[in-house]
Amino acid sequence: MTDMFGPAEWAAIWLSLRVALVAMLGALPLAVWVAFVLARKVFPGRQLLNGLVHLPLVLPPVVTGYLLLVVFGRQGPVGALLYDIFGITLAFRWTGAALAAAIMAFPLMVRAIRLAIEAVDPGLEDAAATLGASKRRIFATVTLPLILPGVLAGAVLGFAKALGEFGATITFVAAIPGQTQTIPSAIYGLLQVPGGEPAVLRLVIVSVVLAMGALMISEWLARRVARRVGR
Amino acid sequence: MLQIAIQQRLGDFALDVAFTAPAGVTAIFGRSGSGKTSVVNAVAGLSDPDAGRIVVADQVLFDRAQRINLPPQRRRVGYVFQDARLFPHMTVARNLSYGGSHDAARVIEVLGLGDLLGRRPAGLSGGERQRVALGRALMSNPQILLMDEPLAALDAPRKAEILPYLARLRDAVQIPILYVSHDVSEVARLATTLVIVDAGRVVANGPVGDVLSRPEAVPLLGVRDAGAVIMTKVAGRLLDDGLTELAFSGGRILLPGSFGKLGDRVRLRIPAQDVILSRTAPTGISALNILPVTITALEQGRGPGVAVGLRAGNDKLLARVTRRSATRMGLAVGQQVYAIIKATAVGPEDVGG
Amino acid sequence: AASLKEPLDALAVEFGDVVVSYGGSGTMARQVALGAPADLVVLANVDWMNVLVDGGHVRPDSIGDVASNDLVMIGAANMADVVLDIAGIGAALGDGRIAAGLTEAVPAGIYAKQALISLGLWEDMADRLAEVDNVRAALALVARGQAPLGIVYATDARVSDGVRVVATFPGGSHQPIRYVAALTRGAVPEAAAFLAFLHGPAGRAAFAGAGFLPPVDSVE
Amino acid sequence: MLQIAIQQRLGDFALDVAFTAPAGVTAIFGRSGSGKTSVVNAVAGLSDPDAGRIVVADQVLFDRAQRINLPPQRRRVGYVFQDARLFPHMTVARNLSYGGSHDAARVIEVLGLGDLLGRRPAGLSGGERQRVALGRALMSNPQILLMDEPLAALDAPRKAEILPYLARLRDAVQIPILYVSHDVSEVARLATTLVIVDAGRVVANGPVGDVLSRPEAVPLLGVRDAGAVIMTKVAGRLLDDGLTELAFSGGRILLPGSFGKLGDRVRLRIPAQDVILSRTAPTGISALNILPVTITALEQGRGPGVAVGLRAGNDKLLARVTRRSATRMGLAVGQQVYAIIKATAVGPEDVGG
Amino acid sequence: MTDMFGPAEWAAIWLSLRVALVAMLGALPLAVWVAFVLARKVFPGRQLLNGLVHLPLVLPPVVTGYLLLVVFGRQGPVGALLYDIFGITLAFRWTGAALAAAIMAFPLMVRAIRLAIEAVDPGLEDAAATLGASKRRIFATVTLPLILPGVLAGAVLGFAKALGEFGATITFVAAIPGQTQTIPSAIYGLLQVPGGEPAVLRLVIVSVVLAMGALMISEWLARRVARRVGR
């Protein structure tokens, strides 16, 4: 197995996993929050927020990547701030790749979670409210457990998307081996080289296996959760 | 004390009720769709009335004019929903303790929840669910208790077990309890105040003994459900026969079973249909209770029955006899007759603490 | 540029301690312009290098060509050579299309357009093109028989067994295909050494090995 | 005819029941969690028993051994669920006609659904929902009707309205009806057969009159709910008094109200607690019905009551008196006494068609 | 407004709309069916199907495009069949672009719809079954109406994705103006030329407006549906 891949390929695989995982885990709380706000609150900028969240889905990834570069690059408004205050650079770092992947995965996660929230019986939340639970506690103890299957679905979707993200990532952080060269950019690179096909095939298989693994884990978790919830 | 005066539109339905619920149980009685659940929801803060005011003790829960509208969590209501609304992802134990663990051991014991604690709501039967919901509300130590037909899904023995607990609860905690029910014997047993609603409005309202013994209340309640409620004192116990002697202003009544200690006050409902009238004191019959009474009212119903208002000492009783009997016996207001009450006819569900 | 991946990877290994990142020329130029931590850029397009020079992102004195390339017409592996005129191309094409890079955006496409214009074929062929975002995709279209012909760099034709070069565009029919290298503003000193290495014999050999041609004009 | 013999494990609960439900209403009676809903689900095909056989008329619905297991849609059951399960996205009218439009006009009228037709389930009260669910099942023209506490959420007047309809239905369509209930007066009024389940097993089973008038059934049913069921014939009508005279083998009984035509058969439940015994024929009392009876059994309960089995003609009656009365009167098997039944005590819910 | 865009840009806009709409509408029934099967049936190849559906999400779009070429190209097994039997060519046609967009959007649609199906109370379907409704009728009259909000969410997600799809499309059918050059490929092209930014911005705005419009319509529809369902 170890022989199958060169060190660059291994680096890409580990990096992809790390980037996708960090992107997914980092985006998840925000996705849950945004989904909740979109599902349950009525406020003036609601449609705008909704649109903003979906933007990365609609724009060509290159554009998203370019916008990321403009905003989060060293010279971008946010990027400069991050650098000056925290000494954080995102551009051309794996953290930047994670940011790009997270932003691309975000709409998918929000949608899945939002659907789950909308399916929760408000009567149960009412019941919790009469029992004195604060909004926060109701969310944590009633809503969240009930939407766990949806959150899981969103997480997997996000993870898979983050794993496959290419256009925005390569535009924002390039494809630096060991730093930002994820599986998809490695595949892209290999496609440019004579005789790259076998390596491409190997990496495609890795992608598929990783995604399938994530799917299977999530299905299994969802079933466990469903059993707990007594469905 | 709970004061309610609200108006609310719900689709085509208009709710406009005002009443005061003192400490103790206030029963809300009315036919399906009359607005009972809507009233309870407004008190819990789960719906916003268009106008009005809801005050518990001295705390204003809702006042449209003053723009006060406490959220449900700050109202400290214990709400037993008509559909249990248990949290499906929690065990029974976690459901119960969700709002607090007030008096947990006793609640679990009285409601018979001990064996269910590790189970999940999905596996519970309808009655089991309702018991858990009741326990959950009780354990949150509320300042008002709202019960929307909490016992409708329970079988008679279980009901009979839970009712005394509710009665003790009512007496132990001096909080108002709003109790929606369509079972008069439950109402009579528990309630101190009775509010009858119809089509969104209060049509009768007052102390339960009063409302139930009004001959004109018979059609509102259904003929079978009318009957007086009297307060009695435990005056003695006939141990060999397992009977309890209850004294009230009109005499003594023997009932099977033992309730309370000597001197305890006991509420007794005497269903109108279970009172037989006799011109002379009968002898050699199995009915133990024969009380001299005076006829105070004769109310001819739409059907073949006649509601007969009776005075026994200072208490009011109600009898329902057929028109044929009333005629044959020549019943008239002011007449002195005997009321025969069968000891076993006043079932355990008609006796409250 | 992505097409340089093969020789550059080899050279990086040979030189040691060099990290290569690749992408479309436009993408990379923008990244450098927006502060990418790169020391050395190699682009397949002189225009983008000019943009970087104008923006002051690279050292003008370090600019120099490292290699050049030919533009070729490819066809399926069993296709005979094609004469580069209307009849020849038309016969080979049938009702199919010519795969090429985006003629307004991708360097290979831009060169292809120039060549077709100078050969007097543009009028007839403009709407017979199938423009894709990178040369490799054009190659795939031809290799999978989706398009009978394609216009790619000579180096790309080597990548796939499914295609063969059926014609080479004359050198004068398009601007020279130049691969331009330059040091960025903040380049570390070692970068200059690597640039020199690229220009040196080792560089030449590697580029030649990958099918590239020597630079059109050498840096003095 | 419906034959059931099934075993099924549900978590910790073991169901093992076998009984036959003839045409007419078979009531399943039992406390909360005893397995009533589980039985009904198995008949509907919503759960698969581990072993056993379910046959309706001559159609095998389920037979584990023969590997027959018809899907619910091919069983033609009308199931009124304990929780109404209305389709939330359809109007009441569309809910009703989902399974068919059998006898639509009458169903809508009797259940009082006319005003609800355009509404959606979300806006309905608990009782309204249950009525719609009942109507929906009836309109699908089923070959078995399964009702899981269909009336628990209804108020007494509405119940009283619907029960005669169910009785007519039972007589009009010769299909078995399984009726889960914990209300004995409902059961007595409707059921021909009574199955009492406890902890997943059948503990008593037989014609309803039989089971209810067994003195030993009193603890199973709850003391308040025991009582005989007799078949009578309408023998006359006293129009001026609004009374109906019913004849049975033990004599005649006058009841308020008018039910059936002359000669119609009427089922009558006489609750044990409403029967007074007298050694001599009393006079001058309001109770209209005084029947000579013979004591056939004396069953001492755990409490202060004594269940007294009576024979009136060929029919069996049941009385419940206090031990004190039994002793004072010197009641003994074989004795001739008088049973006093108050006409108004036998409420409308105890009279069935 | 008309002056803002050249004819090529207008063509790209209309084409994008058409491609996205056709892709979404064409994929929707299949997505509903697959979602239903995944949510409710247990069969041996279930996990495999699940994985297959998610594949386009995980793989770099270029790879998906290449696989499309292999399968649906003139010489591909399916492509050849379609051509021989129906005379249908997908190559360099807008139909091919629609196919690519549909396949890329498919996993998103399936996920959203599947979540909705899993939230439907099986008790209602049981009730319908006892009323004699066939499985098909139960689906059409109970399940489907109840999952409509989810289907809508899936449709919008799919439409948005189809609108933004680029990598697979250009690899499979290139970017032929008026035929297969959708907004994203136009944007990509413009981004590669120095000074293309203003045109890019215009097209990005168009993308955003289109996607926002779709979102708003779907929110409005979802609210109507929710009101009907009485939530």
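A, B, C, D and E label the chains in the order they appear, each numbered from 1.
To be clear about the criterion, a contact is a pair of C-beta atoms (placed from the backbone, for glycine too) under 8 Å apart; a residue touches a chain by one contact, two chains touch by 3 or more.
All values reported here derive from a predicted model rather than from experimental measurement.
S.K.: Which chains are in contact with both chain D and chain E?
M.R.: Output, common partners of chain D and chain E: nil, no chain qualifies.
S.K.: Where's the contact count highest, between which chains?
M.R.: After counting contacts between each pair of chains, the winner is B-D.
S.K.: In whole angstrom, what separates the CA-based centres of chain A and chain C?
M.R.: Roughly 35 Å separates the two chain centres.
S.K.: Taking each chain's centre as its mean C-alpha position, how far apart are chain B and chain D in Å?
M.R.: So the centroids are 25 Å from each other.
S.K.: I'd like the Å distance between the centres of chain B and chain E, where a centre is the mean of that chain's Cα atoms.
M.R.: Distance between chain centres: 60 Å.
S.K.: Send over the residues of chain B in touch with two or more other chains.
M.R.: 83, 123
S.K.: Give me the residue numbers in chain E that touch at least two other chains, ranges are fine.
M.R.: 62, 167, 185, 188, 191, 231
S.K.: Going through chain C residue by residue, note those that touch at least 2 other chains and give them in order.
M.R.: Counting only residues that touch two or more other chains, chain C contributes 27, 30.
S.K.: All pairs of touching chains?
M.R.: Final set of chain pairs in contact is A-B, A-C, A-E, B-D, C-E, D-E.
S.K.: Going by the contact rule at the top, pick out the chain A residues touching chain E in the complex.
M.R.: Those residues of chain A that touch chain E are 47, 50-51, 54-55, 57-63, 66, 107-108, 111-112, 114-116, 118-119, 122, 149-150, 153, 157, 160-161, 163-164, 166-167, 183-185, 187-188, 191, 200, 204, 207-208, 210-212, 215-216, 219, 226, 231.
S.K.: Chain A touches which residues of chain C in the complex?
M.R.: 2-3, 5-6, 9, 19-23, 27-28, 30-31, 34-37, 134, 136, 158-160
S.K.: For chain D, which residues are in contact with chain E within the complex?
M.R.: 44-46, 71-73, 75-79, 81, 83, 85, 87-90, 98-100, 120-123, 136-137, 140
S.K.: Considering only the defined contacts, which chain C positions touch chain E in the complex?
M.R.: 24-27, 29-30, 47-48, 50-51, 97, 99, 102, 104-106, 129-133, 137, 140-141, 144-147
S.K.: Flag every residue of chain E that touches chain C in the complex, lowest number first.
M.R.: The contact residues of chain E facing chain C are 62, 65-66, 69-70, 73-76, 91-92, 167, 170-171, 173-176, 181, 185, 188-194, 196.
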